[in-house]
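Two complexes come next, and they have one chain in common, chain A, joined by chain B in the first and chain C in the second.
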Partner chain A sequence: MKFLAVIRQVPDGESRLKIEGGRVDLSGATLILDQMDEWAVEEVIRLQEKHGGESVVVALGPERAEEALRTALAMGIDRAVHLVAEGYLDPITQAEALAEVIRAEAPTLVFTGGQQADWDSQALGPALAEALGWPVVSWTTQIELESETQAKALHDLDEGAERVRVALPAVFTSQQGLNEPRYPTLPGIMKAKRKELKKLPLSAASKAEVLEQTIQERTRLNKLIDGKDPVSAAHELVRLLHEEAKVI
Partner chain B sequence: MPIDFSLTDEQKELQKLARRFAKEQIAPIAAEYDAKEEVPWPVVEKLHEVGLLNAIIPEAYGGLGLGMLEEVIIGEELAWGCMGIYTIPMASDLGITPVLLAGSHEQKQRFFKKLTEKPALAAFALSEPGNGSDAAALRTRAVRDGDYYVLNGTKTWISNGGEAEWVVVFATVNPELRHKGVVALVVEKGTPGFKAHKLHGKMGQRASGTYELVFEDCRVPVENRLGQEGEGFRIAMNTLDKTRIPVAAGSLGVARRALEEATRYAKERQAFGRPIADFQAIQFKLAEMLMGLETARAYTYYAAWLTDTGQPQAHAAAIAKAYASEIAFEAANQAIQIHGGYGYMREYPVEKLLRDVKLNQIYEGTNEIQRLIIARHILNQ
Partner chain C sequence: MILVVLEHDGQRLRKSALEAIGRARQLEALGPLAGVVIGENTQAVAQEASQYLPTVYVAEVGGYTAEKWAEAAYAAVQKSGAQVVIASGGRQGRTWTARLAYRMKAGLLEDTLETRAEGNHIVATRYSFLNRVTERQRAALPVVLTAKPNTTPPAEPQGSGGVEVLNVALPTGVEVLERLSEQKKGVSLTEATIVVTGGRGLGSPEAFAKVEELASVLGAAVGATRAVVDAGWRPYSEQVGQTGKTVQPNAYIALAVSGAVQHQAGMNKSKYIVAVNKDAEAPIFKIADYGIVGDVHQVLPALIEAAKKLKD
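Our next item is the complex of A and B:
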C-alpha cells in the first residue's frame, strides 16, 4: 500500500503581512506547513504505521516549499516529490500538474488539507479528485481502511456528519478533529536530511491571473448608544445588531 | 575560512521544533509550575519523546550527538518558554558532560543507556553548604575501602539532584591536597546512604528541582570513578567551561522574551492619547534590549563555534555566560519598567523573567568568578 499526502506551505497565522506593489509581501513572514495539511500528513503516517507500505508527500510551490516537505519528512514520511513552480497558479492548474505525479505514484489514497491558510480556496482536494477521476471525501474526521480498495470514512456536512464507504483510490481532505499531529522529532529531523526529495521543475500557465491584492480592513463604526433610557437603549442595540451587524 | 553566520537547514529545523515546543508545551504551563514550585515531569517526558532531552549524548551511545551550537539554538528557544524548565535538560547535560569528557567506553555505555531508554535526568554535584566559588575547598570525603569509595558529606544547590538517575559527585580523598585530592564519582539513584532533600522557597526557576544531597557511609564502586584520583577538579572545571555556554543560551531566551513582551505591551498601552511605544523613553529601552540580545547571541554563537571546532574557549564561555546573563537581567528589569504596575504583578509574565534570570548570574560560576577567568586569560597571555 502507498499513502500520499499533498501539502502546502503558508504564512504562520501570527505573521504580519504587508502589501508591496499590489502583491502580498511574504519576505518577513514565517512560513510553515499548513495546519490542515499537517493533519493530512499525520493521518498518512498513521495509516502507514497500521497497514505498512510506503508514505509519500507531494507539494507544488516555490523553492522555499522544500522546508515544508522536510517538516513532513521529519514527522516520518518516507520520501518527497516537489513540483517547483514560482508565482501564482490557480487550483485547477495545480491539480492537473499534481495529478500527473500522483497517477505515476499510483497510491492507495491521497490526503490533503480541507483548505489552506493563505488562498483559502478549499478547491485543491476536489479539483485533484476531478483531475484523477477518483471519488473525493471532504472534511474527513475519521478514516478506516477496510481493504486495499475500500475505505470507510466519517466526514462533516454543514448540518452534521455522514459516514460513507468509498472505493479506493480516492482523495480525502482533512477537517479539525481528524487527529493530533505529532512533533517532528529531533532524530526525525536528522533522518529527514538523508531522505529522498525529488525536484521536478514545472512550467504551467495559470488559468487565472492575480492582478492586485489588498488586505481586508474593516473600520469600526464607533456607534455609541445613549444609555440614559435603558429600555430604549436596549431596543436600539437589538435593532442595530439585527439590521446592521446582522448577527442576531 | 570566511565568516559565515548562516544556520544549516537541519539547525533551522531543530530551532523550529524547539520554538514550537516552547510555545505549545512550556509557555502555557510555566506560571503554574512556578507557583507550585514543582518539576513539570510531563514536559520532561515530552522533551524525551521529541528528542530534545540528553541530546548531547553521542550517537554511538544512543543519543543524537548534538554539538554546542545546536545546544545553544535549542537552549534559547526552551528558555524563551521558561528559564526554570529549561534548567532541567540543561542541568542534565551538565551531569552528562563529565562522563563525556572523562568516562571510559564502558562507563559511557553503562551510564548513558539509563538516560536514553526512557525520560531520565543526570545531575552534577560540586557546591557544598560551606563552599561555592572556592570549589577546591570541598569537604565531602571519599575514603577508599577495597573496591569501593565510602562517601560522607553534603552537597547543595544541586539541580535535578532528587530526580536524577545518577549524579556526578565531586569529593576529596584528602582535603589538605586541595584540588589535587578531588575525585569524581558517579552515584546512582537509590544507592544506600544517599538521600536528596528538595530545597524550597526559591526566588525564581521554581519549576526546576534544586536539592541538598546527603551522603552517609554511601558505598560507591571504584568502577564508577571518572578518570583517576586527583583528576576530579580538572574534570569539574573542564565541564563548566563547556556548560556555561548553554547558560548563556538560556539568558538569550529570557532576553528575547522580555523584548517581545515589552514590545507588545508598548504598542498596546496608551498614555497621553497614544501608544507608549511612540515615546522615546520607551523606544530607547527597547533599542537597548535589542542591542544586548543581538550582541550576546552573536558572542554566544562564537563561543559555541570555538567549542565545536576544538579551540581554546574557556574565556569565551565565561564572557558569554556573564554578558548574556547581565543583558538578560537588564532586559527583564526594563520589561517590568515598561509594564509599570502591571509588570510587578504575577498576572503578567515579565516579573518571572527577572526572578528566573537572576540565577543565571549565580549558577555554574558566579559572574564574579567569570570575570576572574577572563582576567586570568588576559594576564596569562
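Our next item is the complex of A and C:
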C-alpha cells in the first residue's frame, strides 16, 4: 500500500502580515507546514505504521515550500515530490498538475488539508479527486482501512457529521480532531536531509488571478462597561445593542 | 445562462438559497437565470423555487454526497448551457463545487463576498489568509462561484417559471452508513444573524447551558471555541474559528472567550463584536465594539434577564 499527503507551506497564523504594492508580503512572516496539512501528514504516517507500505509527500508551490516538505520527511514520510511553481495558481489548475504526479504514484489514498491557511481555499482535495476520478471525503475526523480497496471514515458536514464507506483510491481532507501530530525528532530531522526529494518544474496558467490584496481592519467602537454591578452593566449592554447598534 | 444551485431542507429553500438567487440577479448581464434543486424531497422545493426563477431543474438523487451533487449540477449545466454556476459556500457547497469546476474546466471563486460581471469575466471579493486579508480575484467564464452566507440580501419572489426534471446517473464510491445529526431545531450557525459563543472561561458544560439560554432568547445560534470543543462540552459543528466555521453575523457575542488569532479567523468580520470577559487585557476586547469587563457567571444571568425584558 502507498499513502500520499499533499501539503503546502503557509504563514503562521500568529505572524504579522503586511501589504506591499497591493500584495501580501510574506518576507517577514514565519512560514510553516500548514496545520491542516500537518494532520494529513500525521494520518498518512499512522496508516503506514499500521498497514505497512510506503509514504509519499507532494507539494505544489514555490522553492521555499521545500522546507515544509522537509518537515513532513522529518515527521516520518519516506520521500517527497516538489512541483515547483511561483505565484498564485487556482485550485483547479493545481489539481490538474498534481493529478498527473499522483496518477503515476498510484497511491492507496491521498490526504490533504481541509482548508489552506493562506488562500483560504477548501477546493484542492475535491478538485484533485475529480481530476483523478476518485471519491472525496472532506473534513475527515476518523479513517479506518477495511481493505486495500475500501475504507470507513467519519467526516463533518455543514451540520453534524456522517459515517461513510468509501471505495479506494480516494481523496480525504483533514479536520481538527483527526489526530495529534508528532513533532519531528532530531534524528528524524537529520534523516530527512538524506531522504529523496524530487523536484519537477511546473509552468501552468492560472484560471483565476488575484488583482489586489488589502488588509481592512474594521474600526471597532471599543465601548467597554465595568461589570462590577452585573445587572446594570447587562442592562446598559442590551440597551446599546438595541438602541445604538440595532442588532437585537 | 446563470445556474443557481439551491440549498433546501426537503421542505423549503434555505435562506442561503435565496441569497444565492440574489447574487445571481446581480450578474444578470451575463444571461438569464435558472435554478436547480438537488437532493431528496425536491418536488415541493422546486415549486417554491419556480416563484423566483424562470427555469428550475430538479434532480432527485437522495441524500448528499459530493459526487452526486457535482453530477447533478453538471447535468443541469449541460442542459442549460450555463457559463456561471452559483452555490452557497458551506462545507458541502465548497466541496462539490470544486468537483464541478474541475469538470467544467472553470475558474473557481470561493466563498465570495461580492461579485460583478466585467465583460466575460467575473470579479469577486473574498477573504484570504485566515480572514485577515481582503482580495479581489478575477476569472474568465466559465466560472463556478460560492457565495459566503449573509453577504447578499435574500431575493424576493419574481415571476413564475417552469420545472423540468433531470435524470442523473448516480455515481457510486461513497456510501453513507450513518448520519450523526446535530441538526437541532435551533438557528444554523453560518446563517444566523446573531451568534452567541461560549469559551473555556465558563468553567463547565453546565455553565454553557446559560449560553444556550441567551441564544434562545435572542433567536441566535450557539457557537463554541476550540478549547470548549476539545474539552468535549460542545460538538465540533458549533466551533467557530480557523478549523471550525466562519461566521459573519450582525452581532457576535463572545462570552468568556479570550480571542486567540485562530478564533478570530472565524468571526473577525462580524458587523458588531460584543465581549464579556473578566480579563480587561483579553485580545477579544481589542476587536470588540461593546463589552463588559466582568465575571461571566454574574453577567450572563443578568444579560439573559435584560434580554428577556427587551423581548417582552
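Heads up, the rule we're going with is that the second predicted complex is superposed on the first by the 219 of 248 C-alpha atoms of A that agree within 3 Å, B and C clash if a C-alpha of one lies under 4 Å from a C-alpha of the other, contacts with A are read in each partner's own complex, and residues count from 1 in each chain.
The working rule: a residue touches a chain if its C-beta (ideal position, glycine included) is under 8 Å from a C-beta of that chain, and two chains touch if they have at least 3 such contacts.
Quantities reported herein were computed from a predicted structural model and do not represent experimental measurements.
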item	value
Touching partner for A:71 - first (chain B), second (chain C), both, neither	first
Contacts of A:90 with chain B and chain C, given as first, second, both or neither	second
Contacts of A:209 with chain B and chain C, given as first, second, both or neither	second
Which superposed partner A:136 touches (first chain B, second chain C, both, neither)	second
Chain B versus chain C as contact partner of A:185, first or second or both or neither	first
Partner chain(s) touched by A:237 [first = chain B, second = chain C, both, neither]	second
Which superposed partner A:160 touches (first chain B, second chain C, both, neither)	second
Chain B or chain C, by number of chain A residues touched	C
Contact residues of chain A, present in both the chain B and the chain C interface	none
Chain C partner contacts - residues on chain A that touch it in the complex	11, 13-14, 17, 19, 24, 35-36, 90-92, 95-96, 114-115, 117-127, 129-131, 134-139, 141, 152, 154, 156-167, 170, 175-177, 207-216, 218, 220-228, 230-231, 233-235, 237-238, 240-242, 245, 247-248
Complex contacts: residues of chain B adjacent to chain A	9-10, 12-14, 16-17, 20-21, 49-52, 55, 64, 66
Residues on chain C engaged by chain A in the complex (per definition of touch)	64-67, 70, 90-103, 105-111, 123, 126-140, 171-183, 188, 190, 193-194, 218, 226, 229, 235-237, 239, 242-244, 250-251, 261-262, 265, 268-269, 271-274, 276, 278, 280, 285-295, 298-299, 301-303, 305-307, 309-310
Chain A residues within the chain B interface of the complex	67, 70-71, 74, 183-190, 192-193
